[in-house]
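Take a look at the structure set out below.
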Amino acid sequence: MTPTPEWYLTLAALLFVIGLAGVLTRRNALIMFMSIELMLNAVNLTFVAGGSLVGNLQGQVSVFFVLVVAAAEVVVGLAIVMAVFRRRATADVDELSGMRG
Amino acid sequence: MEAFVFLVAAAGAVAGAVTLILAKNPVYAALGMLGTLFSLAVLYVTQLAHFVAAVQVVVYAGAIMTLFLFVIMLIGVDAVEDTSERLPSQRVAAVVVIVGAVLFGGYLWLSNTFTWSLARAEVDPLVGSIEATGLILFREWLLPFEVTSLLLIIAAIGAVALALFRPARRHVGDPGSGDSGGER
Amino acid sequence: MDALVTFAHDWLWLILALPLAGAVLNHFAGSRMPEPLAGVLATLASGAALVVAVVAAIPWMFGDEHEAVTVTLWEWMPSLGATLEMRWDPLSITMTLLVAGVGSLIHLYSIGYMHGDSRFASYFVYLNLFAFSMLALVLANNFALMFLGWELVGLCSYLLISFWREKDVAAVAGKKAFVVNRIGDLGFIVALMLVFGAFGTLSFDTVLHDPGSTLAAGTATAIGLLLLLGAAGKSAQVPLHVWLPDAMAGPTPASALIHAATMVTAGVYLVARVSPIYELSDTALTAVAVVGTVTALLAATIAIAQNDIKKVLAYSTVSQLGFMFLAVGSAAHVAGIFHLITHAFFKALLFLGAGSVIHAMGDEQDIRKMGGLLKKMPVTGATMAVATLAIAGIPPLAGFWSKDEILASAFDRGGAYTVLWAVALFTALLTAVYMTRWFILVFLGQPRWDEGVHPHESPRVMTIPLLVLAVLSLGGGFLNTPFWLGLEHFLEPAFEGVHLQHVPEGTTGMVLIVVSIVVAVLGLVVGWLVYGGGDERRERVLARFARPLRGAEGAWYVDEAYERTIVRGAAASAEGMATIDVTVVDGAVNGVAWLVRKAGESVRPLQSGFVRNYGAGMVAGAIGLAIWLVSRGV
Amino acid sequence: MTVDFPVLTSLIVAPLLGAVVVALVPSRRSEVHLPLGIALSMIPVALAGWLFVAFEKTAGFQFAEFTEIYSGWGVNWHLGVDGISLPLIVLTTILVPVSLAVSGAITDRTKLFVAMVLLLEAGMIGVFLALDLIVFFVFFELVLVPMYFIIGIWGSESRIYAAVKFFLYTAFGSALMLAGIIALGLGNLRATGSLTFDYVAIAEVGVAVGSQWWLFLVFALAFAIKVPLFPFHTWLPDAHVQAPTAGSVLLAGVLLKLGTYGFLRFNLPLFPEATLDAVPWMAALAVVGVIYGAAVAIVQPDLKKLVAYSSVSHLGFIVLGTFALTRQGLEGAVIQGVNHGLSTGALFLLVGMLYERRHTKKIADFGGLAKAAPLMAGFFLFMSFASIGLPGLNGFVGEFLILVGSYATLPVYAIVAATGVVLATIYLLWAYQRVFTGEPTSEDNAGMKDLKGVEVTVLSVLSILILVLGLYPRILLDKITPTTDALLERMEISTSYVVPPGGSDG
Amino acid sequence: MVDTAVSLIAILPELVFVLGAVAVLMVDVTWKPALRVHGWIAAVAVAGASGALFAQWRDVDVNSIRLAYGDMILLDHQGVVFKGALVVVTALGLGFGWGLFGRLGRKGAEALALVFLSAAGFMFMVGSFHFLMLFLGLEVGSISLYILAGISNESTESDEAAMKYFLLGSVASAILLYGVALFYTASGHLGYGGAFSFVSTLNTQIVFKPSIVPLAVALVLVGLLFKIAAAPFHAWAPDVYQGAPAGITGYMAAAAKIGAIAALARLVQVAFRDLPDTWQAPLAGVAAVSIVLGTIYAIVQTDLRRILAYSGVAHAGFLLVGVSSGGIGARGVVFYILTYAVALVAAFGLVGQVSGPASAGSPLDAYRGLSKSSPVVAGALSVLMLALAGMPVTTGFVAKFGVFTAAWAAGQEWLVLVALVASVAAFAFYLRVIVLMYFEDGDGPTVSLGLGAKVSLAVSLVVTIGLGVYPTVLLDLIDRAVY
């Protein structure tokens, strides 16, 4: 039994959903960020596995770009967390609910 | 053998992911994340994406997770999160949404109209060598590559602009009069 | 003669233009003139119209001209065939002369009567405008022009009734008169719709020339009944008679002119004018007669118990108009017109006399506070005596001849009309009674004046018209007697194609005359017996009839009944609609707005401020969209 | 008909430029704005007067102007005037200086006020002139804005509610009409292959019978709200009562006519089949409006509201005449539009003058005013009788034409509507009686000032017009009739409808 | 392999903006100049970008449409028009929000650079002919906006806005990216050209109807719908537009919408064109939901910026009305987004002028009596409100008319009716602003406009009314651009 790319794809889907679940259930901004990273990683896995399925390298190359984007997002996201934390001394996103309605 | 590697790595990835979303302590979560990243790197290798695997370890596990941990430490490592849900209906909503997503995905996966790909290539396994990757990256996809540099500039600016926190100076007409370049 | 016919054709418009010009002139300049000038001008305008009319009438009255002359002023509403065209035929000649003649006298009288009033000029504007309107009504050769005049006389009536607008009574009465008239006009308008629907024009030339060839019987009946409604409104016939007594709130000369002599007879004129249509429908014709008879009786009973000097006359007018309706309803159009003329004379006289009395008594109108005025006001008293006898039907005064013709015609028509005749005869008796009562209470017996009242004879400008009218009341009956049917011969060409009801000849005729005389005399006697024997006896006799008299004094509470049913019902339903308007109709509109807002309020909690809620919504939306797309396939 | 200069465009542009000119005068020179506005509004009067004189007594559009705006959507600057629009244009140009002339009481933001009135004029004239559906719609909507401001800024207590209600309600109607317009253009595209919103082109091709129903409905809804037809009338009392005098005058005088104009211009010629089927319904609403409006007017304690509801009643007549589909009915509908504008406009002027003097509109607060203000009483009575439909004054001409005209096709409706004539008498004369007759009921009423010179002038002008139209309506009818006859002819050609005979060919 | 000259012109405006951003940063570091200098740099950048756009337009005229950079970028008139819109909103946004950069102190230069960078990002998005390019452009633009949302220290709402925007935006990006990955897995293509040919073969050759393709399409759409704030992906918008610094909110809202709509248009025109049955009805559904929800939410708001945000949701719906109509909707959509963007920037710009450039929120009460204290601002705001509401004689009407006509022609009558009714209800809140400014008494703030704001306001009004009266100028241009 050789794992086909489909296996990987299924795993990626699972990871994506887990990441989504993390975003929806956790309220620590850092863990939410990590969950988003998890989603992006799932995408990466999809790219790689999909690339081997369709037989071109574009998927693999795409991963680099996703990586850079993820890095940039993390930097900015963490900067936002820092800003919030300095002002409110919390990383709990539920505290950030001043605007509503 | 291959199946075994896959299963182990997959289990590691899922375990890490579950740890990530369930851990009360952000440090544990980060460690779970790290586990997932390494597991994925293994899976990339089995998919013959060697370069990707390498980058995964270096950039993700190395750089990004470090940054995460850095910030976790900065804002207090002992800040154990109270994971009890306080938002009314959020947990219900989340469960419904996630279960819905899983059910829908599962339904699709099992339905007879499902296939992952319609463009299956029956060719030799791809090898994500550095050369092949580099050719695409620096030739065909030169522009996106350059654009990523913009992202990095933005990230740098963003980090500076957001993390720079001083009591706001009201009615400052001229930023040049301050010591602006200093933080960069 | 031909020259005069041409004159009539060319200058007929002057009859309308002169009073109108007077009105316009007085309207803009009257208030700046010294007082009598405005009145004089108005009188001259009216008189000039009379002169023109007389001259223009010569070929018909004294020559052998019978054909109608029509003059088109201008097309008003072409698509309706509504043209301002005038008709000069015996009927309109008769009416024109009457209106202009009596009108001019009353103009003259008014100069004295209205002396010192702050709105002297305005009064004459209205009076002139009325003359114009009434002449337009009678001169019309087109329903449109007729309706124009019809409505404008209503307007003038309104203006004159509520002339003293500071008095609430007057203002209310004016409004009431106009509104009730307007209800009648509704019938007129609808009738015009039917007429236009049937003929495609409103011109008399078409409509009244052999309408039977165009008109279905049912339509003719409908038109007849609708016009009757209009006529009843204007002529104060049951059930629309309620406005006329109230109209006495206006200046007395106006009452004389409008509410006795001319305007109120417009209904009679209308029926006579459109007699070719009534010719086609016995139902409509009988309805006219019945309405007239009922009105006559009802009003006469009421008149007996009235204490206001003018109210008695007002109900008397209503009653007499009922006679006229009976006449035209019996197809005795000539008799109707004849009574119209004689009535105009003596009723105008009565009103002017009453005005003279009121004037003299310092605006006192209650006849219980009068008495014995004959000595103080000989001219007025004497002329009133003439008028009383005339209206009571004592030969050979004017009223006798005309009333007798009506009764005789009705009798001769037979059938149901016999009943009407009997009722009318009884009414004639009542007429004599209440007029006797009136005269006695006002002029005879002991003075019952209030303190400080010093009656005096009116000035010359007022007594001259009285005298003229007295003469006319004396001799007016000879226009048309069984022995010399002058008016009938004169008018007959105007009723071409109509089967006129004639007075029976021979024995029947003589018997009827005798019966009439007997009844009239009987009335006088009864009146004298009851009212002429001093206060004590009067009280004693009247006490026996206290209950019916109280009902009669209250005009049989028709007003109250209307008030309780129609007016309050209408007011209640209007209030109801106004409430519905706010709650239901507008409520629905505001309800929609409320609903939208409510919807906004109810979704607002979804925007909770918690980013994870947003995320859940977003992901749910994503899944939903995915399901949707997948379900649609490729 | 060729003209040397684009008179119709000038008619629209002149008030616009006027608004700009007024806006350029500095705010502090507030005493200049109103006279300047009046002077500037005389330019359209002159143009309209010339138009009126030069207008030939034929059917079809005259003075037409055609310039392409955007071919991609088939939208053109297509203007034209015919017998239906001509009287309304003249009316509009006359009422604008009138309403400005009586606005002396407006001292707050006069500049904005004058500019808004002039803008409103441009919009109203544009509606009547537009022969392109989109251009029409643009102007139709555009008039809402200045009127919204006029009510909202210079109105009385509940002006905001009234202004918003006015705007939203009427905008709602026209929104659905926009769908109809789009469908018309696209329908033409399907039928002929060219997308156009040109009214003449669409009318020439005709509208598919199948889609006429709902198109009729959406157009009718828009116009019914504007008219307003029962039961869409409830914005009207609020708007009227709250609006300043000028607003009420223009609202009653012109804005309501946009609805009746719309029926004549669009519903009848474009959707003839649907019109025929809708006749009983429209007539029923019209008649209900006649009676209902009058009945509600009777019991109104507020004089202005009374006049407002009287408009509902009067406009019901116009709609009845429109859907009678007879030449008299159509003529009456057109001319009654003008008549109502004059007489009701004048009544609103008078109510405004009363309000200015006594700062109340409650009938109960007045009483016996005739003593102190005989001129005002006289004019009020005159206008009331014009409104009641006294022959010799203009109101009668329209009502009579409508009633007689609708009897031919809608006898029962016509007869019921005729009772509205009686009701009109009741509410107006009763109001007059309570307000003007009797002894003055209070010091204020006894000491009230009579009309000023400018007010007398304005009312006299209107009175003269009322008299002229009442006695010699042919001055308008002769120009209206060819168009309305052509309209009926069109109905006969495109449907099985036969216009009932009746009436000489005067 | 790569013709540099040709390729450079394909990204010329982007390049100018990037250079502008770099110049601002370098100059700021080196000389610490007065803000005025940055102003000049910005002006030059805008002028340069305009010139670049002109050059691009001419180039397409001469050399016709073509692809560049390994088929990553498409150079065509439509793209030029969208990029032009971005340049315009950038210029207007900077003009209106110039006060903010002063208030930001030392961060001013960074903020300015971010504006240019984000504009460049969205331009890349506009020009993208490749999913990866689309994603990168979107991220460059979006991440800049996240930072801009939180850049002010003056209010706590600012970082709340940034956090919300960032979290939700990242999730949306991830979803979009997953869709891209799935599409790639299914088709083997990331370029639109390949995608198009793949999709078109789906219809003709394959009997088997796979569900992976619509799934991928759906996820890609979600990412873009999020950016234009279409319901139910709109929840971030009100909070972000309320909390972000007032001076830059207009730009943020407009630029993201332009970029995403341009990308969406490209997708339905090219990549997914042959799948109309798949996306048309759902997009119409999203349009309807957006219009209705946005409207009823806006009606109950008490803060003008939230009103504008929710109205933006409704406007996203209106745009989707056009988008979901496919090719015939393009003209309307382009006109709509162009003119809406201008009105939106101007409206937010004026809000910023009234409430202060770095403020968060703009309670309606502040506008009471504004017509007396600041008649020009009140008048202009009224015009803009009416334009946003779709009043004739403003661009709002022409735009709505365009998309409605297209939707009607595309057989989506029900959608037009919903949109029309909702647009009437929307008058309620637009008019409310006028009510407060004109009909109610109060002492509104006296607003004095700076030079930039004055010029921007004048331009916005001229565009809004001028193109409302005579839209032909722009429509002719658009007609040459869309196909």
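Letters A, B, C, D and E mark the chains as written, and numbering starts fresh at 1 in each.
Here is the rule we use: a contact is a pair of C-beta atoms (placed from the backbone, for glycine too) under 8 Å apart; a residue touches a chain by one contact, two chains touch by 3 or more.
Because the structure is a prediction, the values reported are computed rather than measured.
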Labels of chains that are neighbours to subunit A and to subunit C: B, E
Other chains in touch with both subunit C and subunit D: E
From subunit B, the most remote chain by mean C-alpha position: C
Interface with the most contact pairs, given as the two chains involved: A-B
Identity of the most central chain, Cα criterion: D
Inter-centroid spacing, subunit E versus subunit C (mean Cα positions, whole Å): 78
Chain centre separation (subunit B, subunit D; CA means) in Å: 68
Whole-Å separation of chain centres (CA-atom averages), subunit D against subunit E: 43
Distance from subunit B to subunit A - Cα centre to Cα centre, in angstrom: 4
For subunit D, residues that touch 2 or more chains besides their own: 168
Multi-partner residues of subunit B (at least 2 other chains): 87, 90, 93-94, 97, 101, 108, 113, 116-117, 119, 121, 141, 144, 148, 151, 154-155, 158, 161-162, 165
Shared-contact residues (touching 2 or more other chains) in subunit E: 132, 136, 139, 143, 146-147, 150, 159, 162-164, 167, 171, 185-188, 202, 209-211, 213, 215, 238-239, 300, 425, 428
Chain-chain contacts as defined at top: A-B, A-C, A-E, B-C, B-E, C-D, C-E, D-E
Subunit C residues touching subunit D - in the complex, by the definition given at the top: 74-82, 144, 147-148, 150-152, 155, 158, 162, 165-168, 170-172, 174-175, 178-179, 182-183, 185-186, 189-190, 192-194, 196-197, 200-201, 570-571, 573-575, 577-578, 581, 585-586, 588-589, 593
Parts of subunit D lying in touch with subunit E, wherever the complex brings them together: 69-70, 72-73, 109, 134, 137-139, 141-142, 145, 148-149, 152-153, 159-160, 163-164, 167-168, 171-172, 175-176, 178-179, 182-183, 185-186, 189
Subunit C residues touching subunit E - in the complex, by the definition given at the top: 593, 596-597, 599-601, 603-604, 606-607, 609, 611, 613-615, 617-622, 624-626, 628-630, 632-634
Contact set on subunit E toward subunit A in their complex: 132, 135-136, 139, 143, 146-147, 150, 156-157, 159-164, 166-167, 170-171, 173-174, 177-178, 180-182, 184-188, 190, 238-239, 242-243, 300-301, 306, 361
Touching residues (chain side subunit B, partner subunit A) in the complex: 2-3, 6, 10, 13-14, 17-18, 20-21, 23, 26, 29-30, 33, 36-37, 40, 43-44, 46-49, 51-52, 55-56, 59-60, 63-64, 67-68, 71-72, 74-75, 79, 81, 83, 85-87, 90-91, 93-94, 97-98, 101-102, 105, 109, 116-117, 119-123, 125-126, 128, 132-133, 136-137, 141, 144-145, 148, 151-152, 154-156, 158-159, 161-163, 165
